[in-house]
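Below, subunit A partners subunit B and then partners subunit C, in two separate complexes.
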Partner chain A sequence: MTETAPSRTDAKALLAIEGLVVEFASAQGETFRASDGVSLTVAAGEVVAIVGESGSGKSVTARAILRLVPHPGRVRAGKIMFQGRDLLRMPREQVRELRGRDIAMVFQDPMTSLNPVLRVGAQIGEAIALHARLSASAIGARVLDLLRRVGIPATAERAHSFPHEYSGGMRQRAMIAMGVANSPALLIADEPTTALDVTIQDQIITLMRDLNRASGTAILLITHNVALVASLCTRVLVMYAGRIVEEGPTEEIFLSPQHPYTWSLLRSVPRVDTKDKKRLLAIKGQPPNPRDLPPGCKFEPRCPFAIARCRASEPALETVGAGHAARCFVMMKNAEAPA
Partner chain B sequence: MTTADPLVTVDRVSKHFPVRGGLFGKRMLKAVDDVSFSIARAETLGLVGESGSGKSTLGRVIVNLLPATAGAIRLEGRETAHLRGVERRAFWRRVQMVFQDPYSSLNPKMTVRDTLAEPLRNFGIARGGDADRLIAKVLDDCGLGARAMTLYPREFSGGQRQRIGIARALILRPDLVVADEPVSALDVSIQAQIINLLQDLQAEYRLTYLFIAHDLAVVRHIANRVAVMYLGRIVELAGADDLYERPRHPYTQLLLRSIPIPDPAREAKRARTSISNEAPKGASAATGCPFAPRCPRAELPLCGEVAPKLEPKQDGHLSACHFDGS
Partner chain C sequence: MAESSAALPESAALGAGTPTRRHRSFAHNASTWVGLGLLGIPLLAALCAPLLTGADPMALSPQTLRAPALAHLMGTDDLGRDVFSRVLYGGRVSLIVGLTSALIAITIGTAVGMVAGYFEGRTDEVLMRITEIFQIIPRFLLAIVVVALLGGGIVKVIVVIGVLGWVGTARVVRAQLLVLRREEFVLAATLGGASAWRILTRHILPNVVPFIIVSAALQTGGAILTESFLSFLGLGDPSRPSWGLLLQQAQLYLQQAWWMSTFPGLALSMTILGLNLVGDGLASKFGARKIAR
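What follows is the complex of A and B.
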């Protein structure tokens, strides 16, 4: 079932994904869709989050943007419009040119994304030289400036260090420095702070926020951490089983989530800022297995509000407010909270 | 610090590891450095800290997986390092551990029944049908059906594997469970299930927990008291709500300022830290306060030379800071 999501393509959108389907085939020939009809937009200078658990398809969706879907995944349908051009129909060389210049990506584990035998400064310099014709000394100066901007101390010395001589937080900052070296219009950050300590996470978040404000870099943050979303993003997309189940402005999603999954997710995390020791709301069952999804609503087996209809057919993403949509027959505004 | 009816007492415990490097080839990494506290029966003590703080090492020293370099661990007043024979076996039965990664801590070639029957047999508690009854009971308490007995670890999801890890820790009916990051590898929706389970089991089995985690929100939720570790030392210890609402030590304050809150309105108002320094890699300074190099309040030469003691302050917090007035 390929669903045509309502076209929300915005003429002003920097990035507009429409009906993206990414399929994986197992050795036995079975296929499943990690991303099944995802549509989303990111406006210039906007900070958007995709929230989801493992198997939700959030990372695959993000990787598809730069044509980095891991083998054996394949994009089966959809458009990914960036600055008016479809990245999925662009020759590979052109996508490669875009990568790092117009769209940069930062991954969870900076150690595996940095070349261990090249000095950090040289790697950042290489990223600059790929896209700009500059003299060696101009590149060197730019590298130091970037390292300074991301808060690396003793930049001249640190530029000559190897990645293993950096701490985890410094490596992630170096990755971000490399990512923004060419002032990209869009930074895709896939769980950029998940492996980091909280004090370092706070620095990376502050750094990303500053980059967004100072350079207008749009950010697409992929995360499982709802607190990070509250801290950094203006708009949220919630993914479950390869679909967007809810999207809307951050404030509204947190104050008045309409999809039972979003509602439950927000209540299942303990809060550091309250004395309340109420029992946590646990979502029953397991995260969805994309190889074995229920026929109706994909959240139905775990949903405390499900009705008979939810088992039979899958709801569409429906508008519930300004910029706010949810994929649910019941909707939380109509639901009675379970005791 | 003493608590009423302490089950376990950690008395000036240190754990040093030799590391290579330096002019003379050998240096000591003080992973745990002169740490003292006690845990009352049926209490949950949260132990928080960032990577490299020594919190996991301390957990392993307490359950006797690692020998302490100095100091003593006492279980009901008896020093655990020197137990022999029957008493030593009793200790291994009474103190159990739950690990972060339930997959790598379960034998992939053993069914759940075998995994749980082994300790029952080793300690001469039960065999055969008797063992099966105990196993079915503990699996049920951990939210797994008796059907799970015949399955292998790979047949379970992450959250269910952690339930097996917990069942294995509980099958011997321990008094103290040291849980080292028991929920940090799990999906958010599964974390809540396991946290609730640990709380239910504590009530049912009257367990005492040492709950080690880097997630400060989880620790606030589950712990009665919280100890904050930094580079091998405890810098603050207080009741959970006291600690989170009135942190005294500059490091605790930094930690709590750093956590994002899942509430956009509060996040918008929150003052952000701009401290761009971070924990120096490896060992703490030879002398002085371990936090001094990052501390906004540090004054030289005092903080660089004299390590502050963990002392009670007037509000009942224990804090290790020269400038945290009492």
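What follows is the complex of A and C.
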């Protein structure tokens, strides 16, 4: 494997995943890899996005960081270094202490991630109480402070509300309040806005950006929403079929994507800020079946620029610029427009 | 001001809910309320026994097998004891046995069901096999054997009924756990660093409570019935007559003294029916249709 992206050898990285392989075995004994040799880093205070279609392995990768790969998946290889310690080789009890204190997570659907029978304030309070010895009144005060920080009005009363008395946006705010309750070094946000409508999405993004700036919490954002990435993240990783196919600074990824998949992904999103009226491009075909991957480049069957070599062997992640790497033989800068 | 006060009744009426919703909740509640009514009479009577009768349930008298009259509202039995007072005090015994043994059963059942459903895998396998063993044992038969061997003290009866009765609750709770443990809020709690114990007691238990309540209502009825059955077979505690024991003693006099069997039987039926109606009513209210007993 060719190590290319310079950020990967960054010694100061808060989180450094190296060669992570997560394997799922079916009852028939077949195995497939949801995450196949993923390497990535997140520096302290950085906002990094993992972008990809459903099933590209982005959520599994994120869950592996907290050692919660859904059953029957197993981490087969790799290292997950967090603050210099390998999470995969850490005793269970220590991982549990880390969860919610140093690494927190916000989920896609705020409707189901709050317990319906507990008051919102009590749930946030518990997130604090699990990791800090504080009196009930001190916790109460911190809960109110957190709710205020995530912009929930009339907090004293709202803390005593049940989740069903909250709107979707408020619930996601409450989830974020829970996530940042212990000022974690890293917040993993797994499609935090997917279940929300557009205006609320924007508020949640603004909130996350403010929290990142105010407290220096690094954010690993998992999404398929490219617009979200542009406004929030400094670096983008594009995943396809369990692999990182391109990574680089947000601006470069947007302005000069090198992997045809990234290019197609960007072309498939409508834009209001450019004048040119290019046709929206749908990526043809389906994401590959992880049990039956093509032998060469995994994107080759859907790629409009594929050449013979793409079918035979899989390209390595190759540097194309400062901190910018892509896994492609052709690269967009050399590509001929498709016929 | 006048305007706003005039608008008030209308908004209050709006808050009362749509008609369909009211009808549905009434259908749930009808069974619950009828059940509570049926249950309430014997329950209150047993609780207020000393206020309702001055007669000692154990006091013998020469007036044997008297028909119901003003002096003895439910007549007297073969030893001249006041049946009314015996039914009231007998109710105390039956209800105490029912409630405490149901409490034992519910506690064991909830613990087993939660652990089995939450941890799954081998733990679940082992616990469910044990549950199945308890399920296939004929409950009455084992209760008879145990009580016959150990003697029929009230505490022993309670423990035996409780220990034999947790299977239904365990299965219902486990089924709920299999659903709940995949809920995202459980994952969220896990990610927040909560331990298994904390997740079970604080996050999952409150979600299971409705099912436990329903199970408890049905369980109490079953326990009272089991106790009556044991007493009816002569395995009860003769120093603490329950409804079942009264029925047993009435057997010999079915033709001479109908009141000896009718009144304890009526009290027993009302209680059991009441508990079942409450249980069913709550079950449909909580949307817990398939409650195993």
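The rule is simple: the second predicted complex is superposed on the first by the 323 of 339 C-alpha atoms of A that agree within 3 Å, B and C clash if a C-alpha of one lies under 4 Å from a C-alpha of the other, contacts with A are read in each partner's own complex, and residues count from 1 in each chain.
Please note the rule applied: a residue touches a chain if its C-beta (ideal position, glycine included) is under 8 Å from a C-beta of that chain, and two chains touch if they have at least 3 such contacts.
Bear in mind that the values here come from a model prediction, so they are computed numbers and not experimental data.
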First, second, both or neither for A:Gln203, with subunit B first and subunit C second: first
Which superposed partner A:Ser183 touches (first subunit B, second subunit C, both, neither): neither
Which of subunit B and subunit C A:Ala282 touches, first, second, both or neither: first
Which superposed partner A:Arg96 touches (first subunit B, second subunit C, both, neither): second
First, second, both or neither for A:Thr31, with subunit B first and subunit C second: neither
Greater residue coverage of subunit A in the superposed arrangement, subunit B or subunit C: B
Touched partner set for A:Ser113, first subunit B, second subunit C, both or neither: second
Subunit C partner contacts - residues on subunit A that touch it in the complex: 66, 68, 96-101, 104-105, 107, 109, 112-118, 126-127, 130-131, 175, 178
Subunit B-touching residues of subunit A, taken from the complex the two chains share: 53-54, 151, 153, 167-170, 197-203, 205-206, 224-232, 250-251, 254, 264-266, 268-273, 275, 277, 279-284, 286-287, 302
Subunit A-touching residues of subunit B, taken from the complex the two chains share: 50-51, 157, 159-160, 187-193, 195-196, 199, 214, 216-218, 220-222, 241, 244-245, 254-267, 270, 272-279, 281
Complex interface listing, subunit C residues touching subunit A: 183-185, 187-195, 198, 202-203, 206-207
